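What follows is a set of structures for review.
Same chain, two partners: chain A is paired with chain B first, then with chain C.
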Partner chain A sequence: MSNGSVELVGVVKRYGDSPAVKNINLYIEGSSYCCLLGPSGCGKSTTLRMIAGHESVTEGDILLSNRNVTDLPPRRRGTALMFQNYALFPHLNSLDNVAFSLRIAGVAPAERRARAREMLALVNMEDYSEALPDQLSGGQQQRVALARALINQPEVILLDEPLSALDPFLRNRMRTELKRIQKQLGITFIHVTHSQEEAFALADQVVVMNNGSIEQVDTPPALFSAPRTAFVAGFIGGHNIIEGTVHNREILVSDGIRLPLPPGTEAREQPAGVSLRCDHISIHASPPTNTTSLPMTITAVEYQGRYVQLQGDCGDGLSLAVFQSDQDYLAHPSREGDTVHVSWHPRDLNMLYRTPEPSGVSPFVKPINEKPIPQGETHA
Partner chain B sequence: MAHHRGPLHLLLTLVFILFLAFLYGPTLTIGILSFQGPDGGLTFPMNGLSLHWYANLFEKQQVGDFGGSLSRSLLLGLSVMVCTVAFSLLAGLAYRRRFRGDSAIFYLTLISLILPSILISLGIGILFDQLGIAPHWYGSAFGAHLTWTLPFGLLIMFAVFNRFNKVYEAAATDMGASRWQTFWLVVLPLILPSLIGVGLLGFTLSYDEFARTLMTSGSFNTLPLEIYGMTTNVTTPVLYALGTFTTAVSFLLIGLALLSMRLLTRRKRRQPPIEAPADEPVNY
Partner chain C sequence: MASSRMSYLQVTPLVMVMLLFLVFPVLTIVVVSFWDFNAYSLIPDLIWDNYEFLLTSSVTLKAYLTTLFYALTTWLITFVLGFTVAYYLAFHIRSPVIQGLMFVLCTIPFLTSNIIRMISWIPLLGRNGLVNSGLQGMGLTSEPVEWLLYSDFSVILAFVHLYTLFMVIPVFNSMMRIDRNLVEAAIDAGASTWQTIVRIILPLCKSGIAIGSIFVVTLVMGDFITVRLMSGGLSASVGVLIHNEISLLQYPAAAAGAVVLLLTVLLLLTILFRFINIRQEL
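Coming up: the complex of A and B.
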């Protein structure tokens, strides 16, 4: 049975004594698009290479469609890795690059060329079958690399920063293309990126990693509306991180500033603070009568097109970033040094915790009725 | 447009012309003198113009065996070339990872570049003598030539594998290639031009090697030894014809190798330059 699901159970990777990946547990549903998101050095690429079989696993197991593949070589896993700079063979043309794995598998020349042409057609590169990689643009090379990864009908495609080598315009186009192909073929895609924009645009499931651990696993909307740790809130951007201690349904930022928390928020543990989306803060010229507000002195104004970013100081060490719509801004422009009043709804305060998500809280839980097949058994 | 060039430019141009004259003058002089008429001597002036001495080359000489020494040198050069390519490639592959004694072996290899050639030649000659093996151009001289070509070959392979991107091998492995298939289908085609270069270098180093052959070639001379012998005995322009002819052979071989490399890349690039689709920029 091959459903293309991927499961990491207590996976650890150490180089000598230094851990690159610390005890990761993750379930990725078959036929889904999963993004591993994090800064460089967070262990996301190492995790990807372990799934691909290019990196040994120090501890733990990797299951693919419920087969234990921890010690299998790359080819026998049913995965295909698309390398960061595509790694197209410079001496082979597009067609032969795509047909390479079929050649290895001993498929007759006529058949493998025909199948490679089909794959090139899927990525709209059929006109370039005779071109060598250095005659192709970055975007074209990426399409060929994708066709090469797809030709063996893998259950899982692993993409290592696939869009980072492209210019911004092409990046958006190829992003759409990747999603289209993933939907069309129904293959599991695992995509490593450091761009939250990319992850949000593509992923069904975003895995935020930091320092060798998983910080949070969620859908993009859930991740953005409720980041669990200060790291996640900071990394995905667009959030104010307000440190403080919770006491009597209020968060105590400093002696002078107490922010009321929404009713019904029962902390599972002592929070480290709260996050507040920059676009959920309202700006008023005078203190609003119907809600509590804080005075804020504006320290910087940046025009961003769709919105204007105001940086401000509320005193007592609390500084906030506010995204104001350009319409609101143009109606009441504020300048550096102006004092305005900011307000928000208490429900927009999201609790931040010190520890990453405990496993089991994730909405992406493995169905429990399936039993893993013992290691060593190969895939029919 | 009027780009002013100072006196320094003139001086440097002069130096460069002198350099060219020193580099190619002697060869050119010998080339011209080889076309002396039948009554011409070893020096200018030209006494007529003929191919007489070239015809003379292929006749039985009173002193010197030109045909024999040329074929010996060609055969020796080709054997040295094949062995240099094979051993340098294998050594280069071995040095891609560290192994016990790797630096010791590396320095031992380099020593043979530093030692004077004539000493190595002498040593090999004495060694063969002590062992009671008769020195031969295909035995002791062959080994002596390899002491010269292998260190160069190894150094070139170091440079080649330093630049080699390991990700191609990882990609091949990902697509199921065995180590042998990875080597044969990916690594070897990518380093082939460098291997041809190593081969050419091996051949030319061996073909004109004098010092390392001197004490090791036994009773039959290679071409450089034969030419040297002839300079002391032969007093006709046949010597110049010989020099010109062997130089031409060298150029011919190098030309053939370059041509085969050109054809190799041409075959892969028979496709005309790609027209980019209108919506996508192509950066060549």
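Coming up: the complex of A and C.
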């Protein structure tokens, strides 16, 4: 069965004694868009290169469409890698770049040209088939690289930070393009990035990595509404991380500050704290009557266009960042040094844990329906 | 205006050096090549006799054929050797430190002079040299192998020994500029090591190979000492002919020989440049 699913089972990569990737278990559904998200050096690129076959696996197995490909050379895996700097052959024109693997495979010139033209048309580059890479812009080179990756009808396309070399405007356009092509061809895309914006915009499934381990696997909305660890909350941004101990449905931030937790949150382990979305905090000029609130002294105001970022101090070592909507801010502008009152709904407090989801669950458990992949089954 | 005058001023030293040490001597040779001479004096003149004699002599033709044969064979061997060595250094040695060390190792023979390096082959290849006594000692041959020394073999051996590094350096240099991702991209496309070399690395080293070829071909074409020493005077290259004429004080004839050789080499280089855009490399 060739469904383009990718499975990593207990995959470890060590360089000498230092582990680059520590025991990763991951299931990526066929025909889905998966983003590996993390800071540089977190092991995301190494993981990608192991799937591509350009990096050997120290321990564990990699399955592609249920075939074990751990020891196969890159070309025989059914993957195609798109490099960060595109790695187009500078001495070949677009057409020959795209047709390169067919030439290696010994396909007749007429046929390989025709197929390469088809691929160039798919990425809207048919007018540039004679151009050398030097004569193309970054975005055009990227399209050619994508066409080159697509020509062998791979089951999985691996993209190593494909958009990082482009300027912001082009990046957004190529992002849309990538998603369109993924949808159109129904191929599994695995995309390495350090930009949460990119991951959220593209992915069906986001894998957040840190220090060679997976921190969390989730759909973008689930990830943003419920980051599991302080690292995830911090990396995706837009969250306040409040450390404290949980006691009696309250979180103890300090002696003076206790924040009520929403009902029904029974922690499986002692949480490290909670996260609170910056845009879920309301600002009041005077203490609201219907809910508990904290006084906050504003220390910094940054205008961001769509919203205004207020940085404030609630005393007792608790400082919060608040995204106030542009309109609200302009209606009641606050200045540095002002004291305001902040409030939120208890359900907006999301528990943070010290460790990623335990990897005791068998990695072989696969999702059986169309639902977003349940967190527990895919975790490392 | 002032800035353009400044630029001219800045290039003046280089222009002076080139005029004095390149253009002036070459012009002198060209002028002298039209002079007449007898056994003991040079007679300023404008005659074509030197060229006529040179271009109609069968000795010249033979010398040119020998020289071209040496140049071509040496080029072929140094190219294969140089490319292999450069490939090994550039793609197989991972650590830059070891890469640097091995590179220095390659240059060690250059710590002694050309002549000494050539002469050191003689005790090795001679009739009673190391190689012959070794072969006989092992019982592989019953009598000394004659073609080891004072033959085309020994000449080409010495050329290869002397000039391979001139091929290694530029080829290595262009290999180091090749993005390693290109090699991975080729592997990703299913190319074998050999296919990667032929389809990707070789075309991308073209300019390096061209520069190396220029070094090797011009050095071999202009050489006379290696041919004289290593062939034991048995074969004559163009350089040897010119050298002989100089020792007989036939300067105008030697000058004519030099002009023709210069034109030949320039012609070869023009052909080479046709294939390769050298500016890319500079």
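Definition applied: the second predicted complex is superposed on the first by the 359 of 380 C-alpha atoms of A that agree within 3 Å, B and C clash if a C-alpha of one lies under 4 Å from a C-alpha of the other, contacts with A are read in each partner's own complex, and residues count from 1 in each chain.
One rule holds for everything that comes next: a contact is a pair of C-beta atoms (placed from the backbone, for glycine too) under 8 Å apart; a residue touches a chain by one contact, two chains touch by 3 or more.
The model shown is predicted, which means the values in this text are computed figures rather than measured ones.
Novice: So, on chain A, is it clash or fit between chain B and chain C?
Specialist: Here chain B and chain C cannot both sit on chain A without a clash.
Novice: Quick check for you: in the superposed arrangement, does A:L170 touch first (chain B), second (chain C), both or neither?
Specialist: A:L170 contacts chain B only, not chain C.
Novice: Let me test your reading of the model: by the given contact rule, A:S101 touches which partner, first (chain B), second (chain C), both or neither?
Specialist: Both partners, chain B and chain C.
Novice: In the overlay, work out which of chain B or chain C sits against more residues of chain A.
Specialist: Looking at chain A, the partner in contact with more of its residues is B.
Novice: Pick one for A:R75: touches chain B only (first), chain C only (second), both, or neither.
Specialist: The answer is both, since A:R75 touches chain B and chain C.
Novice: Could you say whether A:P90 touches chain B, chain C, both of them, or neither, answering first, second, both or neither?
Specialist: both
Novice: Can A:Q135 be said to touch chain B (first), chain C (second), both, or neither?
Specialist: So A:Q135 only meets chain B here.
Novice: Based on the A-chain superposition described above, do chain B and chain C contact any of the same residues on chain A, and if so which?
Specialist: 52, 54, 73-75, 80-81, 83, 85, 87, 89-91, 100-101, 103-105, 148, 152
Novice: What residues on chain A touch chain C, complex-wise?
Specialist: That would be residues 52, 54, 73-75, 80-81, 83-85, 87-91, 100-101, 103-105, 148, 152 of chain A.
Novice: Can you list the residues on chain C that touch chain A in the complex?
Specialist: The contact residues of chain C facing chain A are 179, 181-182, 184-191, 195, 199-200, 203-204.
Novice: List the residues on chain A that touch chain B in their complex, please.
Specialist: Those residues of chain A that touch chain B are 52-54, 73-75, 80-81, 83, 85, 87, 89-91, 93, 100-101, 103-105, 128, 130-132, 134-140, 148, 152, 167, 170.
Novice: Flag every residue of chain B that touches chain A in the complex, lowest number first.
Specialist: 165, 167-168, 170-177, 181, 185-186, 189-190, 268-271, 273-274, 276, 280-284
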